[in-house]
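The two complexes that follow have chain A in common; it is paired with chain B in the first and with chain C in the second.
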Partner chain A sequence: MQVEFLKWFAWRSFAFTLVANQAVTPLIGLAVWSVAMPGQGVTSYYVAMLLVRLLTVSYENHTFSGRVYEGAVADDLLRPNAVVLAPLGENLAIRVWHIIIGLPVIVVLLLVVDVDLGTQNLAVAIPAVLVAAVLRFLYTWSLALSAFWTERAHSAVGFGSTLVFLLGGEAAPVYLLPDAIRPWAEALPFRAMSGFPAELAAGLVPPQAIAAGFIYQLLWTAVFAVTAAAVWRAGVRRYTAVGG
Partner chain B sequence: MSMTTVAASNLAMTYRVPVRADGLKAALASMFHREYRTVDAVRSISFAVEPGEVVGFIGPNGAGKTTTLKMLSGVLHPTGGTAQVLGHTPWQRERAFLRQIAMIRGSRPMSGPAELTVLDALKFQELIYEVEPDQFRRNLAELTELLNLEPLLQRQVRALSLGEKMRAGLAWSLVYRPRVLFLDEPTLGLDVTATTMMRRFIADYSRETGATVLLTSHYMADVESLCRRIILIDKGALTYDGDLAGLSARLAPYKLLKVALTGPAPGDWDRYGTVMTANGSEVSLRVRREEVPAITARLLAELTVADLSVTEPPLESVIDQVYREGV
Partner chain C sequence: MRILRLMGRIFALSLQREMAFRTDLIFSLLMSIIDVAAGVLALAAVFGRVQALAGWRLEEALVLLGCFEIVTGLLNTFIEPNLAWFTEKVTGGRLDDVLLQPLPSLFMASLGSCRPLALRQVLLGAAVLAFGVAKAAHVLTPGGVLAFLVLILAGVAVTWATRLLTATAAFFAPGMEPSVLYSAAWQLGRYPVSIYHPMVARLLTYVVPAALVATLPAAALTRGATPGLLAVGLGMGVGAIAVAVFAWNAGIRRYTGATS
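Moving on to the complex of A and B:
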């Protein structure tokens, strides 16, 4: 991770644009929903959402898929360590840089809008953010591995991000969705990696629903861990059969 | 008795590539029924390499040289045959195996993180390959001196020139002292100075560490200066395994005799050999290899010879003949 942190130190100006990109959705959500549904905890929710996004960003379609296309994975396969460690280290380094650059934005928001993120809520949200960070990496990594089969891994990851945007609580908070859709959105993996930790931080999850949220998170994390391992094995089998 | 470093037995690699006819109709049809063609990149080749040997793989483009190196280094899983490198099956990519090999590609001389400085990249290798700190310092000092790395250590890899990248790449690949080196076109694109440095360095490294080197190159000067043994691969098949002189002898059954006379030249050089060039009292004759001793003796006995030399035909022309006509 230290190596990747240094690497992204060289790319720090690029990191500013990435953070700006990550901040746009929660800021728009904040502006729109705080007017449309005032007094529903939306302001706190979207500030927490921004924090969650910065802590869970995953760009494996850029970092790892690119190495597949360049043929650099052949170099990775020849190193005596698990190949996933480098993308994982880079993922963590990118998140640290996102927080370093994005923190001033959050501080400004805390000063200019009415935000209520209680200490107790934040304490409950921390484990949820950690699980969401793992889940988002496994999810993006699994989709980015499509680079072994297609040159359109960006599209695969882009589609996955769209699902998170629509059903994970970014376009609209899941707790504000119509009753017919909400149970589905709560059970799918997208809220687990995005909206659920933000809801917890904003104190919007009823106490009796907290355990279910964590169970969904852990369940989907296990599912994507198995999926990632299986897709990786199949991908390497294909790569070593065709030579990259 | 030392263990064979590389043992390949009937190693084969076959690819299935999708094909279709031209035009929209064929493109649409291929969405429902894809057709494939089988390409034999490597066809059942066998050879062994002993510790410390420097072996050159030569052959025309698409012959299967790089595919063979990729199979032996573990990047490719062959479709047939077996191979053992340092007692390991390469494509299982066991840690103990990977820690003892290095693959250097001329097309990508420095495979480390381009944003790091050269020194940070080398320290990254120390960590990944678990090199003891004292050993790392010694190796680094030695490589810094041999490759003149001092001016590069503080610079970012991405800002280096191709020649500098190759020097940094050599250090990056050798700082953990691999026992087997796979070099794929290592002098590709390098200038004369960098090429000479590269060749000298590889020869020194192999001699000093006892490392085994498998090298592919289209530059015969690389092969000639580094490899006592060559393996010729053509259309995926091994067509020659031996020394360069043997290949020349097999392919070009002639030698060139260059004669300079102090006295008058005879009118009938043809009784000694085929005249290739003649310039006053100097002549170049093509003579069959087995006749060289007898013709040389006759020239010395019958003429007033000032100078006489026997040379092999130029290697490039021999290899060109191999690529065009086969062995």
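Moving on to the complex of A and C:
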């Protein structure tokens, strides 16, 4: 991770690009929902959402899928450590850079908009963010592994991100979705990796629903851990590098 | 005229090249449909809760989203393929190739290549716009349609000019990458600018022209245009082009090439 952190120091202007693109969706949500439903906790929710996005970003379609296409995974497979460790280290380094670059934006938001993130709410949200960070990595990693079968891993991950945008609480907070969709959005994995920690930080989850939210998070994390392991095994069996 | 003929040939050649990858075409179309549908569904989520957003009804917001997608599609087809990562061309000296060609450098640098299949976004935007107009059941007047067309054209001109201006910054401050903020701020244009803080709304009107691209044409089509609105649009179009051309010429004079 230390090596990856220093590598991304050299790419810091590109990191600005990534952070700007990560920040724009919560900022739009903040503006839209603050006008549409003022006083419903949306301001705190979208500031928390920005923080959650920066802490859970995953770009394995960029950091790993390309190595499959280049045949570089052949080198990775010869190393004594698990292949997933390098993308995981890079993922953590990128997240640290996202927070470093994104923190001033959050500070400005805290100064200019009315945000109420109580200490108790934040304490409950921290474990949810940690689980969301693991879940988002496993989700993106599983989709990025489609590179073993198709040249469109970027599109697969892009499609996955669109689902998170629509059903994870980014386009609209899940608690404000239409009644017909809300139960589905609460049960699917997308809220667990995005909206749920933000809702907790903003104090928008009723106490009786907090445990259910964590159970969904852990359940989906287990599902994607198994999925990622299975897809990896199948992908490696299929993989043939240059000269293989 | 010569430039237009050349643009036509560049377009045809690029189209032939892109059509060679037909599976990619179908997949890209599918992804574009999903992206535009996501935008529409996001609007539907908002308007499922409220009747109007900063004075805009759902059908008007759909027209606005359609305008945004149309101009974004044109940006991605004709402008971005040339100006993306422009700073690297300047610092790496690859701009020499453009300057050595027997055509105006401004044209070659900003419109010298294109991605015709990105026009799918324009078609999808037009479909969203038509859906919004049909849903509004608003009788279109010839004046409103004409004003809409004028403002969309002005929006495209301002888009080209402001995107060129951000790229031109590479001549003066190569360490900066203002196009990053430009593309992020651009996304704010998919909603009426009146929902944003007044400072941001002004930024989106006069610096990054998202308001001119979507809000003003949509307002002209659904609510009618005033002569003042048209004058603002045209004035901004002409003014932005003049500033961009001036900045480009100043930048080119400053450029020293790869080997000097």
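The rule we apply is simple: the second predicted complex is superposed on the first by the 239 of 244 C-alpha atoms of A that agree within 3 Å, B and C clash if a C-alpha of one lies under 4 Å from a C-alpha of the other, contacts with A are read in each partner's own complex, and residues count from 1 in each chain.
Here, a contact is a pair of C-beta atoms (placed from the backbone, for glycine too) under 8 Å apart; a residue touches a chain by one contact, two chains touch by 3 or more.
Just so we're clear, the structure is a prediction, and the values are computed from it rather than from any experiment.
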Worksheet entry | Partner chain(s) touched by A:Pro80 [first = chain B, second = chain C, both, neither] | first
Item to complete: Could you look at A:Thr240 and tell me whether it touches chain B, chain C, both or neither (first, second, both, neither)?
Response: first
Item to complete: Please tell me which partner, chain B or chain C, touches more residues of chain A.
Response: C
Item to complete: Once the structures are superposed on A, label A:Ala123 by its partner contacts, choosing first (chain B), second (chain C), both or neither.
Response: neither
Discussion item. Quick one: is A:Gly158 in contact with chain B, with chain C, with both, or with neither? Answer first, second, both or neither.
Written reply: second
Item to complete: In the overlay, answer first, second, both or neither for which of chain B and chain C A:Ile28 touches.
Response: second
Fill in: chain C residues within the chain A interface of the complex
27, 31, 34-35, 38, 41-42, 45-46, 48-50, 53-54, 175, 177, 180-181, 183-185, 187-188, 190-191, 195-197, 200
Response to the item:
In their shared complex, chain A is touched by residues of chain B numbered 15, 67, 70, 73-77, 79, 91, 93, 95, 98-99, 101-103, 108, 111, 113, 115-116, 120, 124, 128-129, 156
Worksheet item: Residues of chain A touching chain C in their complex?
Response: 13, 16-17, 20-21, 23-25, 27-28, 31-33, 35-37, 112, 152, 155, 158-159, 162, 165-166, 171-172, 176-178
Response to the item:
Note: in the complex, chain A contacts chain B through residues 3-4, 6-11, 71-72, 74-75, 77-81, 237, 240-244
